[in-house]
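There are structures below to look over.
Each of the two complexes below includes chain A, the first together with chain B, the second together with chain C.
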Partner chain A sequence: MFLMFFVFLLLTIIVVLQLPPIGDPHVPPYAGYLSPDTPVDEITKQSNAVGLYYNRGAIRDCGSPSAITAMILDFRGYDTLYETTVIFLAMIAALSVLVGKPRKKEYHEPWIGLVRYTVVGTVIKKIVPFMVMYGLYVIFHGEVSPGGGFQGGVILGASFVLYALIFSYEEGEKKMPSDALRIVNALGPFMYAFVGLVGVVTGYTFLANKVIKGIPHGIEGTLFSSLPLLLIELGIGFGVGSIITHVFYGYVTERPFTLDSPSPQSSPSRGEGKDEGGGPYR
Partner chain B sequence: MKAILSNIDYVVSVILFTIGLYGLVFKHNVFKKLLALNILETSVYLFYIALGDVRLGRITTSWAKSPYVKDALAAWTGKEIMVNPIPTGLILTAIVVCVCITAFSLSLVVKLYQYFGTLDTRKITALKG
Partner chain C sequence: MDLLIISHILILILLIISAVATIVSKDLLHAVIIFSVYSFSMAITYLILRSPDVAMTEAAVGAGISTLLFVAALSKIPRYEEEEQKDDYSDKTKNDTSDKFLSS
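Then we have the complex of A and B:
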């Protein structure tokens, strides 16, 4: 069995070593990268030059100096629209699996958390505001530098998860109630569709961001580079942060699933089990 | 040896892929299988991002127009570099899908443990016949 994997590893390494060296600019897809002053319209006539077109047309077509943000939010906008929908649907699926029947009273134990360690509690209380600030920084700088909605949203969500993990779930629920999260959850797809529909209403196509005349677009190269992309980034950021936090709340408040007509297999083994009497994950 | 050094990212990615595949096939714990799946996906991210690297590439005109980015890049690296944005964008999608898969599978793992009392795939035998 081990031998099989060694043979597999050997074969794949041999195949991988046949590739051109990493970063070699002389491979055909990167042929245009070496001359920096090719006009954008000439690039589209070459084959294999899509990446180059994204790099050079980012400011002209989207107003965002960061080529990756311009690519995932504007050039490939439908991809990211359905990506936000996918993460929203994954949250719905995970929460619907996790929530069963209401828990009986005797199973309920308050979660003490790690706050009994003074050092941990103090440090986390000082760190969490900076984490939120850094998440907002990453979200707002998504158009001009590496970053964006998904990354900043995950940092935002991680700060709330950390707070609820160290202090109890009830404390985290006080700071960031799940009713508020339920409202913000769908903000990613909603904001994307909203910005897209602005194009339809004003007489252009869906997600025609930079093309629309008459609405402010911002100054290219500054923090306020492009208003549609900024709105989309904000929607994705808050949506993803709330989804991460909500999934964590779902794991914490998870309730055991019991069938209505119990068969021998379906009786959960919590009575015999090792996990009786400890931990919040019951 | 020189070929290995110039393609070291690919080689590391392939080794990670094999580790993930091994765990996915031979581990019996469902949770460990999930971790192995994450390792396997990470190897694919590494491979794609190494593919998108372009050394000796010049800075593009759209970037050079922006004083903000130009100064930041110049202060940071001291030279003009760039990458191909397509693999990075694709991998962003892949990371999000991986997070979705992990969240949903972990919820299934929790339910599986409550239902069977174990995570060992050899003992989970609900399927009869």
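Then we have the complex of A and C:
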């Protein structure tokens, strides 16, 4: 065991010592960090131009000062669209295993919360509003700072999961009812496909974000940097948060899986998710 | 710059120690908490390597939600890994089926 530890330690130190210096302008991903006024020819001479294109195109093509958000949501938009769809389908699969027969208000083992000390309950009650606030902050600042829909959504979901974990399932259900979660679940793929279809309807390509005329885009660098990216971030954030909370509720109210009847639990949100194919709009 | 590399190496040592301690510890609650330490040092590693987005994802998913889900799963199962029962079981199987194993 200790031999394994020392072998890994040696390997790690060797790898760290061979990393390129941090912030080296000759490394391809940092090519755009040279300076905004450096002529393009010089940068292309020094390193490849891909990093430069994406770093400068983030504001020019997407209106988003954070290059990573522009990359994830716009340059590789199809990838993220399918990512949100995969998360949504994974939630449906998990819930269809966890939730057997949909009997209302009656579950196998009632979930008693984990609160046994007053300190824990008081601290959680004080902390959870700040967690929700921080999650919303991360979601809304997706285009201007690191972060975005996925991270903010996970923080948002973690706050509700924490509340329902420490207090009981009924307390969590009072704060965030699962009927409301069912509506928001499919918001990620739905909002993505909606924003993409706006481009199709107005005569551009699918997911053409910045080019569309007649839609307010906001000012680059402020909170309202670009409307399509903001809508997508909101959809992904609320969708991911509600999916995490919903899977946790399904886990808490777990019933033994029976083969008698297929689970109709996952059906209510199917109507919203159907739009993502975009068939009838074409 | 040197300070950054030294702190990087220190955090990687912490990473390996916590990863090994997660496997070794018999108390599963301690294992979950050490695993969140592992995720958090992983997030700091990403931050040193200049990728704040991935660091945020790792801190929120690894140290945040997966720790909560592990605690939730832990509250339905016993907290300690039982060694005695495992030894009894292995002894019993050894005593009972020794002939069978030898014959087959």
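Observations
By our rule, the second predicted complex is superposed on the first by the 196 of 282 C-alpha atoms of A that agree within 3 Å, B and C clash if a C-alpha of one lies under 4 Å from a C-alpha of the other, contacts with A are read in each partner's own complex, and residues count from 1 in each chain.
The definition used in the following text is that a contact is a pair of C-beta atoms (placed from the backbone, for glycine too) under 8 Å apart; a residue touches a chain by one contact, two chains touch by 3 or more.
Bear in mind the structure is a predicted one, so any value in this text is a computation, not a measurement.
Within the superposed three-chain model, A:Ile139 lies out of touch with both chain B and chain C [touch as defined at top]. By the touch criterion defined above, A:Met91 reaches chain B but does not reach chain C. Of the two partner chains, chain B is the only one touched by A:Arg76; chain C is not. By the touch criterion stated above, A:Met1 is placed in contact with chain B and with chain C alike.
Of the two partner chains placed by superposition, only chain B is touched by A:Gly250; chain C is not.
Contacts of A:Met191 after superposition: neither chain B nor chain C is touched. After superposition on the shared chain, chain A has more residues touched by B, the comparison being chain B against chain C.
In the superposition on chain A, contact is made by A:Phe150 with both chain B and chain C. Residue contacts after overlaying the shared chain place A:Leu227 against neither chain B nor chain C. Judged by the touch definition given at the top, the superposed model places A:Met176 against neither chain B nor chain C. Shared interface residues of chain A (contacting chain B in one complex, chain C in the other): 1, 5, 8-9, 12-13, 16, 21-23, 68, 150, 251. Those residues of chain C lying in contact with chain A across their complex are 1, 4-5, 8-9, 12-13, 15-17, 20, 24, 48-50, 52-53, 55-57, 60-61, 64-65, 68-69, 71-73, 75. Per the touch definition, chain A reaches chain C in the complex via residues 1, 4-5, 8-9, 12-13, 16, 21-23, 68, 114, 138, 146-148, 150-151, 154-155, 157-158, 161-162, 165, 244, 248, 251-252. The residues of chain B lying in touch with chain A in their complex are 3-4, 6-11, 13-15, 17-18, 21-22, 26, 50, 52-63, 65-69, 72, 82, 84-86, 88-89, 92-93, 95-97, 99-101, 103-104, 106-108, 110-111, 113-117, 126.
Listed in rising order, the residues of chain A touching chain B in the complex are 1, 5, 8-9, 12-13, 16-17, 19, 21-25, 29-30, 33-37, 50-52, 54-60, 65-68, 71-72, 76, 79-80, 83, 86-87, 89-91, 93-95, 97-98, 144-145, 150, 220-223, 247, 250-251, 254, 256-257, 265-266, 268-270, 272-273, 275, 281.
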